[in-house]
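Next up: some structures, all given as structure tokens.
Same chain, two partners: chain A is paired with chain B first, then with chain C.
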Partner chain A sequence: MSTLGYDIAHLLDGAVLLFSFMLLYQRRMSGLISVFALQSVTLAVVAAWGAYTRHAPHLYASAAIVVVVKAVLIPVALHKIMTRLGIHRTVDAAMSIGSSMIAGASLVALSIMLVLPVTFASAALTRESLALALSTVLLGLLMMITRRNAVTQVIGFMSLENGLILAAVGVEGMPLVVEMSIAFSVMVAFIIFGIFFFQIRERFDSLDLPYLESFRGERR
Partner chain B sequence: MTAVLLILILPVLASAVLALVGSYRVGAWINVAASVATFGASCALFVSPRLTTLLLFIDDFNIYLVVLTAFVGMTTSIFSATYIRHEMETGRLTPRNLRFYHAMYQAFIFTLLFGLVSNNLGFMWVAIEGATLTTALMVSLYRTHAAIEAAWKYFILCGVGIALALFGTILMYLAAQPVMGSGLGAMAWDGILPRVAEFDPTILNLAFVFLLVGYGTKVGLAPLHSWLPDAHAEGPTPISAVLSGLLLNVALYAVLRFKILLAANGNAIAPGPLMITMGLTSLTLASFMLYRRRDIKRLFAYSSIEHMGIITFAFGMGGPLANFAGLLHMTMHSLTKSAIFFTVGHIAQVKGTQTIAGIRGLTVTHPRLGWGLVMGVVAIAGLPPFGIFASEFLVITTTIARQPLLAVPLVLALLVGFGALVLRLQGLAFGVPRGAPGGKVEASLVPLYTHLALVLMAGLYLPPPLVVWFQNVAKLLG
Partner chain C sequence: MMVELAAQVAQVAMVLCLAPGLTGLVRLTKARLVGRRGASLLQPYRDLARLLRKDALVAENASWLFRSAPYLVFTVVWFTASLVPTFTTGILLGPTADLIALTAFLGSARFFTALAALDIGTSFGGIGSSREMMIGSLAEPAMLMMIFTVSLLVRSTSLVDVAEILATGELGIRVSLLMAAVALVMVAIAENARIPIDNPSTHLELTMVHEAMVLEYSGRHLALMEAAAMVKLLLYISLIGCLFIPFGIGSRAEGISGFGLGLATYLLKLAAGGVALGVFETSIAKMRVFRIGEFLGGALLLGLLAMVYLYISRAM
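Right, the complex of A and B next:
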């Protein structure tokens, strides 16, 4: 692979991670959905770029799946759910922007320190994109922890899965089955999440999780 | 090979048909018939030649779990038929709920069997993710506050767990790819195993940590166990029975497959100590938590965490004897715990409550259910002559022989758990009946007593072929 191709691949991987940071501090619901869609588009470009430079045509299929499902279908559906349920306000987070940024940056440092020494024998591109992918996964987890609303938790979960696809795309010659199944399961998961939103809404008149948690299964 | 395909196709077909059948009575019958057929097909695995492809394979290890899964799937479907009839009569479920429930039940059995027989590590992951999706929806079937909370928790925690497991699977492929070349061959378990010694051990280490934590969440190992009691307590009881009896086993099976890979590479970390730590922590935590339970289904859910802890501990110890004990305990726990949930399901129906305080003197008011519960709890608490006594005894003796210091917390935790179960059993089964006398329920006691009889038989006499077979699998597990 040429140096330029290599640099572009890194740039794109970095962009996916950057969108994860944006998800961390974005407070408005519609903003969150747009950032998630942008992250998915970038992920699709990563896959397409990998397909082009590494002559792996099956990655084009992964790119197409990501664009259709995660950049179009899911964001559109989430917007629909929001208007149906009338949630336009900003969402609360358990952590302030500053501290969640610091936590995010330290998670990135952690994953770089974890992955780079371990994979010294692998191809250079794989090593670094794996480190960035793990950072995206961990940031997704952080977002799920810091947000107190069901919709934002789901967005965190899906951005976590974007990180997984980033890892799968970065590894040389990973069979397509995996990416397809990820895309598929995300779709199924999303349908189910959608049903949940309505169920929770029906029962609780709110999608905020602390409200949900007050109904402990085991009351004394 | 045809038998393998049959056990996969039957549940899928049944699920598709059940999604279309409106009548819940017909649905229940089709569910039972399909489960019986699947069990029959799984028995045919013993005689049909064992072919191995890149995607599916059968070996000594998974054949026994396939048969166990199909068997418990069958008995649970029989229990489920009587259970849901009562739920329909009391109006807790609607025919639409049940159509969905039956279709999902078969889909769930499919994902379990597919996970067990898949040779491809990626497909194994897909199957276990599928098991999460199908059961999450069944947990929220009652649409109560608590059920929705439980399903949400189950979804989020297991979703994250399964995501970490996928990351581990990708790392495993990364380790395999330089040696095995690109493509499906680098994900086929039986192809990887003979060459795993050439893999980069550092990547294997990293992969195993992710896999253990990821699949460990589904096994219900501490500290990621908190979804388990909620999911068991709030869903329909047949689902609690298959969650405890089957899903936890299949998740543990996935961990063990990777443990074998790691053990075959001399330079990678030893997976044993990690599993011992997680197992012992879960066991200790769960046995203390047993004391504070107010809900009967939660009580037994915590007991499942306790037993998965024992099994993980046994496999972590490794060696022929401990592995043998682990395999035996896996089987016995599956049978006993699902039997207990069968009784508990009917008890909750006759008493109209799940709280322990509301249930007293069962042996007086409902002798057949009451004594079934007594036998189940005696078995699960590890008393002779039941099979769990044999496996726990083996675990303890090997631990004393090899790691005497570890035996202290192990025996202590077991005794603590034992005390809690006996304490609760006294109130539930004996004493003066309290509360509503409780109506009659048409309970099918066949599944319950079949399971208990098998557990009793295993405690008194293990047939030699079974012993030889367990020994072979124990050798494979290293």
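Right, the complex of A and C next:
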């Protein structure tokens, strides 16, 4: 692969990471969903670029799956759920936006420090994109921890999964079977989440998860 | 030497002539996008000419500081704008165009604006300058982080060197540069008092920042303050252009032969920047004042991340 190919691949990986930060920064529910959709589109471009530069046509399939499932189906469904449940208000975070951004930056540094010594023998492209992918995964986890609302936690989970696909695309690309099964399990998980949303809503009149805690005997 | 001098003189004149037109372009874009016809591109020139003809009213308790600040601010901003390479890097003052010095110049312009706003003792001036200082204290670290990243990459803080090396494209596309570019755009939005940080066309008491500071000015003083703001906008777009999209800019070695292409691409970049700013401002709502910290904190973080990432990719 040419150096320009490498550079563009890294740039796109970096863009996926930037969108993760935007997810952490975003406060409005609808904004979150569109940023997530943008991140998925960028991820699809990463996969397609990998397919083009490395002559790996199966990655085109990955890109197509990502676009259809994560950039169209899931965001549209989330929007529908939002309007059905009538949640348009801003997201309340357990941690202030500023401190979660700082935590995010330290997680990026951590993942880079973690990946570099382990993958000393690998090619530079793999190492850098692996570091970026791990950061995306950790940022998704951070988002799940710091947000109180069920919908935002689900978006955190989905962006975490975006990070996993990023890692897979960056290394060698995963077998199509695995790819398909992951896509479907994400879909299934999403459907289950959707059912849960309605159940939680019906029971507690809110999607804020702290309400559940008293039923697990954690508080009060 | 003569060519460089001519280029410098041309640039000094050009930044001043183009700046109101750029502001007019941004306003026109915004007007068109919301379905109005909008004033022509020449309207800012007419406004400035009208203000220059009018008498300057000065409050009774204004000191010399209030009267001299417009001249100081305008001169500093104009001078700084003539240092940033626009169509060619081969300008006479090019070697003095240090990125850190550039930030310091802009910081001193901000300082005098805020000081003059406090001088009269009105409450709006106080609100404006305290907010401006808050924005400045958050934007400048982000700006410096961005500068450090670019300078570490190129191994020079001279704007001319940076632009020439980046224009050759031998460094390739870097993730750090992407992050630094986003950080600079965010800082530029804050520094130029654009939406979402501040609304340049509002006089609503609770939200204005820059307008609150220049509220007491009239006549030629106001004209100078407004012209300074316009030149500053042009300066930031030129800076973004010469750091992150330096293609087509004439180099020192090319001399006079690089002027034509440089000028054409520069005008194109300027127009693209103006339209993009108009579209961006239309599509976004103004932020609450207390969220500015998060916005600029994000810019600082991006600058920091760019630098961390730069060290990592070096180590590989």
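In this section, the second predicted complex is superposed on the first by the 214 of 220 C-alpha atoms of A that agree within 3 Å, B and C clash if a C-alpha of one lies under 4 Å from a C-alpha of the other, contacts with A are read in each partner's own complex, and residues count from 1 in each chain.
The working rule: a contact is a pair of C-beta atoms (placed from the backbone, for glycine too) under 8 Å apart; a residue touches a chain by one contact, two chains touch by 3 or more.
None of these values were measured; they are calculated from a predicted model.
Undergrad: Given the superposition on chain A, are chain B and chain C in a clash or a fit?
TA: Chain B and chain C fit side by side in the superposed model.
Undergrad: Taking the superposition on A as described, I'd like to know which of chain B and chain C A:8 touches: first, second, both or neither.
TA: second
Undergrad: Answer with first, second, both or neither: which of chain B and chain C does A:138 touch in the superposed model?
TA: In the superposition, A:138 touches no partner, neither chain B nor chain C.
Undergrad: Could you tell me the angle at the CA centre of chain A between the CA centres of chain B and chain C, given to the nearest 10 degrees?
TA: Roughly 160 degrees separate the directions to chain B and chain C.
Undergrad: Taking the superposition as given, does A:118 touch the first partner, chain B, the second, chain C, both, or neither?
TA: The first partner, chain B, only.
Undergrad: In the overlaid three-chain picture, which partner chain does A:130 touch, first (chain B) or second (chain C), both, or neither?
TA: Touch status of A:130: first partner only.
Undergrad: For A:46 in the superposed arrangement: first (chain B), second (chain C), both or neither?
TA: A:46 sits against neither chain B nor chain C.
Undergrad: If you stack the two complexes on chain A, which partner ends up touching A:18: first (chain B), second (chain C), both, or neither?
TA: Second partner only, chain C.
Undergrad: Of the two partners chain B and chain C, indicate the one touching more residues belonging to chain A.
TA: If we count touched residues of chain A for both partners, the winner is B.
Undergrad: Touching A:167, do we find chain B (first), chain C (second), both, or neither?
TA: first
Undergrad: Between chain B (first) and chain C (second), which, if any, makes contact with A:101: first, second, both or neither?
TA: In the superposed model, A:101 contacts chain C only, not chain B.
Undergrad: Give me, in Å and rounded to a whole number, the least C-alpha distance separating chain B from chain C in the superposition.
TA: Shortest inter-chain C-alpha distance (chain B to chain C): 17 Å.
Undergrad: Contact residues on chain C for chain A in the complex?
TA: Touch list, chain C to chain A: 172-175, 178-179, 182, 293-294, 297-298, 301-302, 304-305, 308-309, 312-313, 315-316.
Undergrad: So in the complex, the part of chain A that touches chain B is made up of which residues?
TA: 114-115, 117-122, 126, 130, 134, 137, 141, 144, 150, 153, 157, 160-161, 164, 167-168, 171-175, 177-178, 181-182, 185, 188-189, 192-193, 195-196, 199-200, 203-204, 209, 212-213, 215-218, 220
Undergrad: Chain A touches which residues of chain B in the complex?
TA: Interface residues on chain B, with respect to chain A: 120, 122-123, 125-126, 129-130, 133, 136-137, 140, 143, 145-146, 148-152, 155-156, 159-160, 163-164, 166-167, 169-170, 173-174, 177-178, 181-184, 186-187, 200, 202-203, 205-206, 229-230, 233-234, 293-295, 298.
Undergrad: In the complex of these two chains, what residues of chain A are touching chain C?
TA: That would be residues 3-4, 6-8, 10-11, 13-15, 18, 21, 25, 97-98, 101-102, 104-105, 108-109, 112, 116, 124, 127-128, 131-132 of chain A.
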